[in-house]
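In what follows, a single structure is set out as C-alpha cells and then discussed.
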Amino acid sequence: MEGRISFSSDYTKGAHPRLLERLQETNFEQIVGYGTDEYCKSAADKIKTACNKKDADVFFLVGGTQTNQTIIDMLLEPYEGVVAAQTGHVAAHEAGAIEFSGHKVLTLPSFDEVPNTENGKRAVYSDQVGKINASDLKKLIEDFYADDNHEHMVFPGAVYISHPTEYGTLYSKAELEEISGVCKEFKIPLFLDGARLGYGLMSKRTDVTLEDIANLVDVFYIGGTKVGALFGEAVVFPNGVPTKHPVPIIKQHGALLAKGWLLGLQFDTLFTDNLYMDISRNAIEMAELLREGLKEKGYQLYIDSPTNQQFITMEDDKLAELSKHVGYGFWEKADDSHTVIRLATDWATTREDIETLMKYL
Amino acid sequence: MEGRISFSSDYTKGAHPRLLERLQETNFEQIVGYGTDEYCKSAADKIKTACNKKDADVFFLVGGTQTNQTIIDMLLEPYEGVVAAQTGHVAAHEAGAIEFSGHKVLTLPSFDEVPNTENGKRAVYSDQVGKINASDLKKLIEDFYADDNHEHMVFPGAVYISHPTEYGTLYSKAELEEISGVCKEFKIPLFLDGARLGYGLMSKRTDVTLEDIANLVDVFYIGGTKVGALFGEAVVFPNGVPTKHPVPIIKQHGALLAKGWLLGLQFDTLFTDNLYMDISRNAIEMAELLREGLKEKGYQLYIDSPTNQQFITMEDDKLAELSKHVGYGFWEKADDSHTVIRLATDWATTREDIETLMKYL
Amino acid sequence: MEGRISFSSDYTKGAHPRLLERLQETNFEQIVGYGTDEYCKSAADKIKTACNKKDADVFFLVGGTQTNQTIIDMLLEPYEGVVAAQTGHVAAHEAGAIEFSGHKVLTLPSFDEVPNTENGKRAVYSDQVGKINASDLKKLIEDFYADDNHEHMVFPGAVYISHPTEYGTLYSKAELEEISGVCKEFKIPLFLDGARLGYGLMSKRTDVTLEDIANLVDVFYIGGTKVGALFGEAVVFPNGVPTKHPVPIIKQHGALLAKGWLLGLQFDTLFTDNLYMDISRNAIEMAELLREGLKEKGYQLYIDSPTNQQFITMEDDKLAELSKHVGYGFWEKADDSHTVIRLATDWATTREDIETLMKYL
Amino acid sequence: MEGRISFSSDYTKGAHPRLLERLQETNFEQIVGYGTDEYCKSAADKIKTACNKKDADVFFLVGGTQTNQTIIDMLLEPYEGVVAAQTGHVAAHEAGAIEFSGHKVLTLPSFDEVPNTENGKRAVYSDQVGKINASDLKKLIEDFYADDNHEHMVFPGAVYISHPTEYGTLYSKAELEEISGVCKEFKIPLFLDGARLGYGLMSKRTDVTLEDIANLVDVFYIGGTKVGALFGEAVVFPNGVPTKHPVPIIKQHGALLAKGWLLGLQFDTLFTDNLYMDISRNAIEMAELLREGLKEKGYQLYIDSPTNQQFITMEDDKLAELSKHVGYGFWEKADDSHTVIRLATDWATTREDIETLMKYL
C-alpha cells in the first residue's frame, strides 16, 4: 500500500522535516546514552515550562503500548487494577500487555446508546463515545469499597483515560475536573493517554489546555509517534514520579532506549517555536475541511469527532471503488451493505490531499 | 559529555549517513504499520539470503534488552529458565527483565582464573572471558536431570550466549559447534545475542561466519543499535519461530513499533551492497590500530579482545589527565591506584580519532 | 460467629467424620511426599473409574483460587486469555489471581434481565444467572477472528465455566454440549470449575452426570473443600494434562503440598462407597426442604436455584431479627428496605438445622 | 515406601495427636472463613506473646514455597531481588517460584571450602554450610551501589536466610546480629525462613531464642508442616506487615485457605503448654542419640549438624543393604563407591526408632 495517498491512520509517514534535519546535524556528536543527555534535559525543561510545572518529572519512551504498560505498572500496587473504558486502548488493543505485567483492567462502559426509532439504525451520544464519566467511575469505586468481599477482588488503583479517545472524542474541562475530583477523593492516580494529545489541544471544540491537563492528572504523555515524530512519547508526572527508581522499572519493561537522545532531540524540536502545536493545528484544519466536504456530499458522520479522526458510514459498492485510489481505516460493518470507516488527517496532510480524497468520494 | 571525542561505547553516534538519507527519501511515503510493510519484507529477504536460510523467520525489534526478553519468553516453557554466563547481559545488566517475565537465569561461570605468581596480579585466560563452554553446560544439564528433585528445580530450557561477548571475546567455530551439539543432544534451543554481531564477523581473529551462526543456533539477532543504525535489532529464527503468534507476544512485551518500517528500512540499507559488513570492518581496523598503539606505548591489555572493545589497565593519575580530553568507559578498579577502562571503536571511528586518542594516552 | 447455627456458606465446618478417622488411622504411617504416594494413586484410580476415563490425569490441589490459577496457566499460551462469565469466580472474586499469572479474563455477560412491569423490581431469567451460553461464546470467538486487528488483542485461549455456578445454577446437558461443541470447533479447551460439583451432580433438577462432564470438558475439578473435605480439589484432565511437566508448574504457583497424601487420603475416602455423592445428596435434600419452607412462608426466591445455595429477598427489619440467631450470607441490597441473602446447606446440614432456621424465619 | 520405618525427612507423618483431637472436637462448630476466626486470633496472640512483640502482625499460610513466594513479593519493589545463599531453598528448590512472581534471586556463596590434603577428599567448614555471612552480604550491597551501572541491575531489596538451613546448620546470635546490622544499615528487610524453626530453637548448640529472632529480623515464619502440624506456617512480621492490604496479595498467590481456622487451630494448640518447643526438643534429643550412635559405629559425619538432620557418608554396598529396611534421604554421590545420605528425626521419632536404625547401620 506504500506510496499511495492514504487516510488510514496518523502514523503512516516519517517525521516533520525539522526533526530529520536535527538528526542529521547531530549525527556525529557523541552523546551519552539512556536518556541522561542534554537534549533530553532540554526537552524536559521545555515541556515543564509548557505545562507550567517546574517540579514535574519528564522522561521519554518509544511507543504507546510500552508507555501505557510501564506507567500503569509504576502506579499500581500488585493487588490493584486500572480502571478504563471498555473501548480504551489498554483494555482492548494491547494484546494483554497490562495483564502480562500482572494487573487487571477494570472496565467501565464507554458510551450511551439509544434506539433510533427513525430508521432503526444504531445511534449513540457521539460525544461520549470512548469516554468514561465521573459518576460511573465513582459508582465503581464506591461499590467496590461497599462490598464486604472487596479484599477478594481487584482494587481500583488508577484510572486510565485517553484524550483524544480512540474514537477521536474529547473530554471537556468540566468532565476532566469531575473525573479528577473523584480520583482525588479516593486517592487514586489519574493517567491520561495523550498518544494524540496535540490533536486534542488544537481542536476547535475544546476548552482543555496543556496546563489544565498538568493540573488535573497525575501522569500523562504527549504523543510523538502520531504527531510529527518518527517515534516517541513524552511522559509527564506533573507532581513527580511515584517511585524512587524509575530507570530499572523502565529497563525491565524493555523500554530504555540506548540512544535516548533520539527521543530528547525530537521532543526538544517539537517544543521549540511552538512546532508541536502548529503541526497539530494543521491536522485539525484539514479534518475540519474534510468534515465539511463529507457533509456537503451527504455522508452520515458515524461520530461527530472534534479531532483528526473522522468516521463515516459508506455503501460497500462505493467503498470498493474508493479503495482503488485511497487508503482508509476499516472500522466495523454497519450492516450488510454498509461499512464504517475512519479517515485520519495528520501533521502533514495538505489541502491537496483533501481535494484528492474529495474527488474520489 | 556531548561533542567531545569519546571511546566510551559503540552507541554514542546516530546512524550511517546512508540510513539517514533513506529516511529522508521515504519520509512522506505512506507506509503500513507494525512491520507488515515492503521495507521489512525486503530487509528480511536480504538477511535470509545472507544467512542462506530461505525458510527463516526474521523480524525487527528496537533494542537489546527488549529483544533478549521477548525471544527468551518465546523459547521457554513457564517452568524453564535460560542458561547464561554469569557475566551475560541477561544475567547481569538488564535490571531483571528476564525475571520480570517470569524466568530464572541459570548461570555458569564465565572465565577461568589462575594465580599469576609473577606479580601477584590477577590473570585470566583472556579468550574465555564472558563465554560459557560446552562441558560446563553439559554438566549443568546432566546434573539437573540426575537430581532426584529436579521437578522442584528450574529446568534448563534455553541457552543464551553473546557473540561478541560483553568483554569483546569471540567463540571459535569449534566452540560454537560443541555448544550447539550439547543443545541438540538435550533438545534445548540455543540463542545467540548478536548486539555487536558485525564486529564479531569482521574480526581478524574469527573463523565464524554468518552462515555458520545460522546453521548452529536456533535464534540470533543482528545488532543494529551498535552497528550503524539509529536503533534496531534483526531477529532471525533460521528454522522458523517456535510460536504460532509472535505478534501478540511482541506486542505484550511493549516491543511492537508502530512505524515498523523504520526498522525495515534501516536493515534493508545495511544489507545492501555489504554495508553492514563494511562498516563493521572499519571498527575492527580502528580497534587493531588502537591495540597496536596501546602495545607500543606499553599499556597492559586487560583482555586481549579480537573485536571493537579494548580493555586496558591505567594508573589513576594518568586516567584523570586523559579524562579531560577523551571519553572512556569505566570498567572496574584494578587496585588502589589502577583502573580498568574500556575503549570502544565503532562503524564511524576514523584514523584521526585514533591518532587524537593516542596523543592523549 | 463461631458455634452458632449458620447457613452463611458451605465451608463453615471441618470434614466428614470418616475422613477424620482415616487421618487418625494413618497418622503415624510414614508416607512419601508431594502427591507421589499410594493414597493419591488410589484416589486417582477411583476418580478415573467414576469418570470412566482410564487415561485421565488426576492430581490434587489445596483450594479453589489456587486451582483455577494453576489450571488456567497450564491451558493458555502467553498471548491468550480465558473466557468467563462476568460473574465467574475467576473474573470477580480471586483478587486478580489470573492476571497475576499474566492472563486476561475475557468476560461474557452472565444473565439476561428484563423489566418486571408488575412491581417495578428487577427480574432475571433465573436459570441463566451465573452462566454463559454457547451463542454468546461463539460470537465472541468469531468476532475476535473477524477483527483485522486481532493480533493486537487477547486471544480467547480457554473457556471457564462453573457448575454449579456462584449463584447455584446449573447447565443442562444440552447447554454443556453446545458450549463444548463451540470449544471443539475452535480448538479451545473447556475448563469446568466444580468447587461445588457434588451439589450439582445430586441436584433433583439436573441431567448432567460425572461421566458427561468427563466427556464434554478438557479439564475440571471435583471440589472437596465445600463438599466434606477439610480442604482439597481433585483436578481431572480426562484426556491427559497438556504439559510435559505439571509438577514444576504446580510448585511455582506455591500449590504443591508437602504432605500430599492428606489430599489423596481424603479423596480416596470420599470416592469409597459412594460417600461423595451421598453427602452431596444430603445437602440437596436439605436445600429442597428449605426451599419448600421458604415458599410456604411466602418468601420471594431471588434465584430459583436447583442446588445447595438458596437466595431470598428479605425485609431489613426481619433480617436484623434473624441475624441474632442465625448466620446467613449477605448477597446484595435489593432496595432501601430489602436485602438479598444466601442460605447454603452442606454435606452435614440436618433436618433439625432446617427446622431451627424455619423457626426464626 | 509407606508403613516402613523411615528417616528420609521430617514431613513423613501426620500431626501431633493433640492437634488431631482439636480438629475432632471443633469439627462441627461453624467457623468463619479466610483466617478471620477466633482460633487464628488466639494463635496469633500466643505467638506474639512468645515473641514478646505485641504489635506484630501474624498470619497463617499452608506451605513453605508458598510462604517464601508470598512474603518475598510483599517485601520487594518490582525492580528488586532477594539475596540468598546459592543453596537457599528459594534459590535452588522452588521451581522458580520467586522468578514466577517477577523477582531475581541474587545468590551468595554458601560455604567455604578448603582442599583436604590428607586424603584428597572434599572438606568444608561444616558449620558454615548453607549459610551466608555478613561480610559477603555487605560486599554484595556495596559493590552494587558502587557500580555506575547499578540502575541497569537488580537492586538487593531483601535478604533471605533459613534457620536451620537446608543442611541443618544454625546461625549463632552474633552472626544473626551482624547480618541484621548490615540489613539495617542499608534499610533492606531481613527474612528468616523457619520451616524447621523449632528444631533450631531446641538445638543443644544454639544461643538464639525466639525473642532474638523477633528482634533481629523483619519477617520470619514458624514452620508447622515439619514440626508437628498437618500443614501450616505461621508468618510473623514483628514490626507490622509492610503493605496496607496483605489479604488480596495472599489471595492472588493462591494462598488464602478457605477454612483458615484449620491453620489457627493447629498453631493455637502448638503454642499451648509449650507443645511446639517440647516436640521440637524430642527431635533434637533423638538426633543427638543418632549422632552418638553414628560416631560410635565409626561413620564419618558429612556435616556436623546441631539440629534434626544428620548427614553421613556411606559405602554404596552397605547403603543397598540398609535400604531394604530403612528409608533415608539421598543427598549426593561422594565418590564412585560412596554416597552422602540424610537421616532426619522429627517431633514423633522414638528411642525405639533410633535403636531399630542402629541395628541396621
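Letters A, B, C and D mark the chains in the order given here, with residues in each chain numbered from 1 onward.
Please note the rule applied: contacts are C-beta pairs under 8 Å (C-beta built on N, C-alpha and C of every residue); 3 or more make two chains touch, one makes a residue touch a chain.
What you are looking at is a predicted structure, and each value in this text was computed from that prediction instead of being measured.
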Discussion item. Taking each chain's centre as the mean of its CA atoms, which one is most distant from subunit A?
Written reply: D
Practice prompt. Determine the centre-to-centre distance between subunit A and subunit D, using the mean Cα coordinates as centres, and give it in whole Å.
Written response: 51
Worksheet entry | subunit A and subunit C, separation of their C-alpha mean positions in angstrom | 41
Fill in: Centre distance in Å when subunit A and subunit B are each reduced to the mean of their C-alpha atoms
35
Fill in: Touching two or more other chains - residues of subunit A
78-79, 94-96, 100, 102, 151-154, 247-249, 251-252, 256
Item to complete: Could you classify the connectivity of these chains, where an edge means two chains touch, as line, ring, star, complete or other?
Response: complete
Discussion item. Touching residues of subunit B toward subunit D in the complex: what are they?
Written reply: 78-79, 81, 92-96, 99-100, 102-105, 148-149, 151-154, 330
Item to complete: Would you mind writing out the residues of subunit D in touch with subunit A in their complex?
Response: 73, 77-79, 102, 151-155, 243-245, 247-249, 251-252, 256
Worksheet entry | Residues on subunit A engaged by subunit B in the complex (per definition of touch) | 1-6, 8-9, 11-15, 17, 20, 23-24, 26-33, 37-38, 62-67, 69-70, 94-97, 100-101, 225-226, 230-231, 247-249, 251-259, 262, 327, 348
